[in-house]
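First chain A sits with chain B, and in the next complex the same chain sits with chain C.
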Partner chain A sequence: MTDDQSDAGGKDGADDQSAAGSEAAADAATTEVDDGDIPSWSESAASKIVTASAKERVFISVAAFLASVLVGSVLVYLSGLVVDCTSAGFLGSCYNPFLVYYFLFVDPFIGGFNVALVMKETVLLLFTGLSVAVAFRAGLFNIGSQGQLVLGGLATALALIFVAPLAPGGVLGTLVLVPFALLVGAVFGGLYAAIPGALKAYAEANEVITTIMLNFVATNLAFFLISTYYQDPESGSVQTVAIPEAARLKPIVPFFEGAQFSVLALLLGVGLVAGTFYVLANTAFGYDVRTSGLQAAAADYAGVDPKRLVVSSMTLSGALAGVGGAVYVMMVMARYRTGVPALGFDGITVSILAGNNPLGVIPAALLFGVMKAGSLSIDFSLGVPKQLVGVLRGLVILFVAMPEFFRLLARYTPYGPDADRAVATDGGDDDA
Partner chain B sequence: MAVSSLAVHLDSITKRFPGVVANDDVDLRVEEGSVHALLGENGAGKTTLMNVLYGLYEPTEGVVRLDGEAMDFDSPRDAIDAGVGMIHQHFMLVDPMTVTENVVLGNEPRKWGGLAVDRLASRKAVVDLAEKYGFDVDPDAAIEDISVGEQQRVEILKALYRGADVLILDEPTAVLTPQEVEELFAVFEELTSQGKTIIFISHKLDEAMNAADDITVLRDGVNVGTVDANATNREELAELMVGREVLLDVDKPSVSTGSSALSVSELTVRDERGVVAVDGVSFDVREGEVFGIAGVDGNGQSELVEAVTGLRTPAAGSVAFDGEDITRASRRSRIARGMAYVPEDRQERGLVMDYDLVENGLLGKQHDPAFAPNGRIDWEGTYEHVTDVIEEYDVRPPDPSASAKSLSGGNQQKFIVGREFSQDPEVVVASHPTRGVDIGSVEFIHEQLLDLRARGKAVLLVSSKLDEVQSLSDRLAVVHDGEFVDVVDPATTTEEELGLLMGGESVGTVDAAPARGDDA
Partner chain C sequence: MPSNRRKFLASAAGIGVATTAGCLSSLGGSGSDGTNVGVVYALGGLGDKAFNDMAKQGIDQAIDEYDINYQGAEPSGNSEFPTLQKKFANSNNPDYDLICTIGFAQAEALTENADQYSDQQFMIVDSVVEKDNVASYVFKEQLGSFQVGHLAGLLTQRDFSTGGDGMTDASTNTDAATVGFVGGKENSLIKKFEAGFIAGAKHAGDVEVRSAYAGSWSDPAKGKEIALSMYDNGADVVYHAAGGTGTGVFGAAQERGRYAIGVDSDQSKSAKEYKDVILASMVKHVDTAVLTSVENVVNDEHAGGEVSALGLEKGGVEAVLGQELGSEIPSEVKSALEESKSGIVNGDISVPTDPENA
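Up next, the complex of A and B:
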């Protein structure tokens, strides 16, 4: 009851009064007096932290990253004190935090093979991260990128195996087969995501539930189809036969020779990031998507058909995941094999780390890629259990994913926003 | 009123916010037992000043004195203890709880050593209080079941229960019907006769003159004068408020009306709960005509407007645009046909709060080839358009890159009105177009509406401001409980008659025939 009155965004006049109290409180913080010609307070250092621009966001992320390293180091050191080892080399601890973080973050960048490992993970996460981000921007929680990737990958593998006898070999084959495969992946991923989209739009089914469930459906459908109809007779694991040689995405650059990584896939991923960014920022469709995600009622007002938008943005989201599935098949496995890693689920974290901004997906996916590769090298080189490394990775994400916490900290420093900031004068008041 | 001791003396209050001086050396003297109106435009610093008195803000300079004694409030709690009560515009009541529970909330009489609320004592305290000040409220009624006017009295009771001697009311009449406003002013008299002091914030000239003993006018954070309510007039007050002469009476040239541009027939609309909110309403809006709809908020206006603009599918009936049936047409196709719409809820619908003004300028026009040829948005063209709107409609701050949420409510409204009016629409649906807008801008928006009318556009105007619908409309429908009680000629109908119609009472003396032609 101590809040100032500002415009409560209520619905009907009669309902306004009840909701107004809490809404006014929330709104008051963001409303400003209109006496001044220019909102000069917004230029103060304080509010810049709150309305963090790109530069400050980077700054906050770096600070968060360093904080997580600090906390993780202490954890590693303490863990090293309680385990038994032959030589407790680091201040009485079995584990040296410096070495652990060296292997987690620096070693992945040394040598072609290591870099290729990083890039492989990064590229795959670009697609699923982008997929989740697009849905998020439309206000939809697509937990189903995993299933869309699985189905897109499966369809790609089967389609490639079917057309293999017809396709030319060599470079010409690559030029035909790779775009074809990407298209198949996009179509099947997209259609599979259109199902929860349509269910939400026309049957009011919550997309979180339906996409989670459809993940199981996709995984088990893939298992059933392969084990029953398309099993590779020469293999013990449940997988298809290999896709044609011409459809494989190869390293191309000698530096990465022998790795499951293709520069072509990286270019495709970065291209899709740029394309998605452009579509969201500069097209009428992207504007519809963003408006719906931010304020559904305003999107209605602006003439966006909410049902069609849900279906179309889910389809786009699924198509991106499906392309990821196609790349996974062509670049990593050269066939479809059950037991696809949780790329879709990691995509959710990547998207959130990226602030659901397509451009942010690149550094977020890279961070994931580096840590995945780094975990492997810790496993090889140091005796640190991978569970502990998993904790360190979790800490990094935890800290980076809570920029609000760091803004909160800033509030208690002299640079924090003035708590006494100009809250609404009566300028925000409603008449009725 | 003969008492001359000062109940409240705000002594040279200055309140600075980073970059903004909200109150600049304001001196406010309120005599005990008087009603004092604080008048000013949006952003004049009225609420800030009252928040200083209520302990929400600490003044940068100056002293708050109550009964001559300097006070130092750290929080509203201190102010309440010192006998200052504030009634916000949006009530702070718990809807499902009873009047009694709401009044004692936070200060309940206790029993069993403080373990339980003494309900009997609470009820008695509320009944006694209501009796003392002649309030007619049912102590056992749930808040959600009583009228807005009664809810307001509960708020006043709550302040009195906490021992308030000075009552601050922030825009108390905004949510009331004319009759309820009269009742509120009667309550003011009763309270002051028992020694209470009342300060109320308003930007309506008439009610300040009617209800107050003294009027202090704030402009740009400065006290531009305190006048005796009996010795002033509307023109003087308006000039004090705005700082220049204001045309209070709308000059409405006669315009020859054309054919029906918007035709609504037997329209029935249900609200979210499936309850019939609009019940078989029919009307026509002709080219060059302002068709007004007056009524207390929540009588189906919102649903009617949503059905007309394509945000809600009607249960029955039809809507026609230039003779073509658009009952089922999408919102987007209605926009494309030239239907501009100023929504009643600017922060939910009219603006995307996280967008800047450029992005908001595109809202609704993102598929218009003029702004997005081939689906690609022309941001530069949009930017220029938005700059024009900002300039023409005096949106402050005049910064296209400012986010919508950083603007005050009045400026948000001006921006929406500017955006909608500037696209040369055929039909304009304006729902509360001047809600929360200061008097100078109200004048400008009214001029723009009449300009549209003069250019032969059809205007459907919904407003709960009686003077607004009355002065602008060519024909005026009064809506109550989802039905048109009557369609009247606003020029020959008094405010009292309209007030009765708004309450659902048919008035026999009013000529029910529309001004020109007949109804569909």
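Up next, the complex of A and C:
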């Protein structure tokens, strides 16, 4: 479900070109590389591999999903056997797996309120998922999206509160404040990610460690700044005062009336997905990023400045997370309040589910959003404990994110003849 | 719409296996008769032996007495308050007659949702939301604080010691009649605690009260530091109104063999490891607030737009003696506490809300 043919083709295309060495890479630095299109060799045997791979992947994702539901159902049924309840309605079990999965995956699509819940989570994860994916494609493991989102969001809230007295109200205010806020979020998120980028490039500090540690720094810095300088005097919670009304992202569409979801934010998220995809696929910078991610030494040889690339791709990754923070502040909380949900960490899973393909981030984030809203529905409608629902969500993610395992299995099915080996063994495009 | 949904549900559930008739009845909100109550708990969830568990107690009591269908929701973070409130307010199967929101942290979210769902009846505990459909329940913390101040003041003037049986040996120091107060952040709410405590201690006689603020709700190290210096300067009992910072106060009491007084819930239960130094706790009875609000809704008398300040009389606030030490407290002290309690209830004793007047 996460990968499509163009992505598989793109990856193989890039592989092919980097293998061709400096000539192709140098070429690419000046001309645009269209990796969505498979060039002349599309008629060759390779195309069979690619198409088989795409089918295979769809098959695998669906099979993985169904397998997770199957395993989960058994788990739910068995759990229902051991607990006590007044009416063991389903074959002697207190929990009905069909109802559980109905509420997890179908109920979230019923009614404006539920759909808005799904979309709220999805939109926020688009930003962090993209953030992680961009870094991944450059061969960098950005675990720091959470911290970048926190600081981006904090900076946005403070900047909005600061300019509030100067800003006009109404639609004009929105037109001025929202882009301003997004810019502030992007700049602060980007700068904060540039730190581990620079540390990696110029001091050879492992970015996994530095980004993890900088998450703590960001969260605690935000807490300190607010509780010491920007505390809302009327509240016992550690939070800033509210941002100006004009800067709030409202649902606009009556269907979503009153929800914490904005169609504008969704458009922005999808736009950034498309933009990131385009940049990675069709620009010299994107080509540098991908080549570095596949084989840093080859990229270096081909004339990519590896230090600059590390810093710039981390900055881009952080900027995307920072925009996510800005949207979180404007769409959800209307202020900065400590205790930001783990959007950045979920973004890592979203990115991996998406095979680090920007386009794949959309369905992956949607899956997260649906399950988030779905587990809330279960909470409200069925007596199934939250923890068990957490297990089911975990199973879905675990199964879908383990394509390698299923690709191995697929070799023994009609979908995986020996010809697939080339694809299967290069690890696909999950180039972590 | 609800009937469509049910139909769809039935057919969806029927796929694959001949589902039993029990399947639909396992849906929540089994009937429209009775009063449907939803509760959005505070952070920490059920099992916190504090606010949330007390709220649940209130609900359980209400279920015993009336025909109540209850549904609870435990948020996993700040950002879920608005979502859960909306989820209850949006539900039409069942349609909730009352949504209880526990804790001041939900006030901002409720202020918005009360406007958005103007037909929905809400209640909030420990904060005031001035909306026509919200009943606010707050506590007269100064009264309960007066009671524990009185207790502290009485004990510091006596020879009082506890210990043995694996408990920390603790005693009062008879040289100086001194007690202490540690606040979290200095705001008008916590000053009510301080004012009541000082007044209560003074009510017991010539007692010196030391007060200090930690500036944080979650800094046990700071709380410990402050409390240690108070104990070292002759304080026998230290009362805290400082959230997580208060854990440090308890730690200091154990280290110095002195006493402490807890806050909000019975901390000799919720902070069990310190029960051998916790004399009492100034409990805010969230259960009373929840029960009262449910009763009002059952009787069709939802107190929307009103602020109910719960005092000592109906058990809104109370000085609850410690699990372990309560039985050790001399009966003269207990009867003196009863006296001052009835003095407050019938108005003979007036309790200040500002430490300046204490």
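Observations
Criterion: the second predicted complex is superposed on the first by the 358 of 432 C-alpha atoms of A that agree within 3 Å, B and C clash if a C-alpha of one lies under 4 Å from a C-alpha of the other, contacts with A are read in each partner's own complex, and residues count from 1 in each chain.
By definition in this document, contacts are C-beta pairs under 8 Å (C-beta built on N, C-alpha and C of every residue); 3 or more make two chains touch, one makes a residue touch a chain.
Bear in mind that the values here come from a model prediction, so they are computed numbers and not experimental data.
If you count the residues of chain A touched by chain B and by chain C, you find the higher number for B.
Legend: residue contacts after superposition of the two complexes on their common chain; A:220 is shown touching neither chain B nor chain C. Of the two partner chains placed by the overlay, only chain C lies in contact with A:337; chain B stays clear of it.
Once the two complexes are laid over each other on the shared chain, residue contacts for A:379 go to chain C alone; chain B is not touched. By the document's definition of touching, of the two partners only chain C reaches A:113; chain B does not. Residue contacts after overlaying the shared chain place A:89 against chain C, while chain B stays out of touching range. In the superposition on chain A, contact is made by A:284 with chain B only, not with chain C. Judged by the document's definition of touching, no chain A residue lies at the interface with chain B and also at the interface with chain C.
By the touch criterion given at the top, residues 17-22, 40, 42-48, 51, 56-58, 75-76, 88-93, 95, 144, 148, 151, 170-171, 174-175, 201, 203, 220-221, 271, 296-298, 302, 310-311, 330-332, 334-335, 341, 343, 345-355, 359, 362-364, 366-367, 372, 375-377, 379, 396-399, 402-403, 405-412, 432, 434-436, 464-465 of chain B touch chain A in their complex.
The touching residues of chain A, when paired with chain C in their complex, are 87-91, 96, 98-99, 102, 106, 110-111, 113, 117, 227, 233, 235-237, 239, 242, 258-260, 332-333, 335, 337-341, 376, 379-383, 386.
Taken together, the chain A residues at the contact with chain B in this complex read 1-2, 4-18, 20-21, 24, 27, 30-44, 46, 51, 282-285, 287-288, 291, 294-295, 297-298, 300-305, 418, 420-422, 424-432.
Against chain A, the residues of chain C that register as touching in their complex are 1, 5, 8-9, 12-13, 15-17, 19-23, 25-28, 43, 71, 73-74, 76-80, 82-84, 86-88, 90-91, 104-105, 107-108, 116-117, 187, 189, 216.
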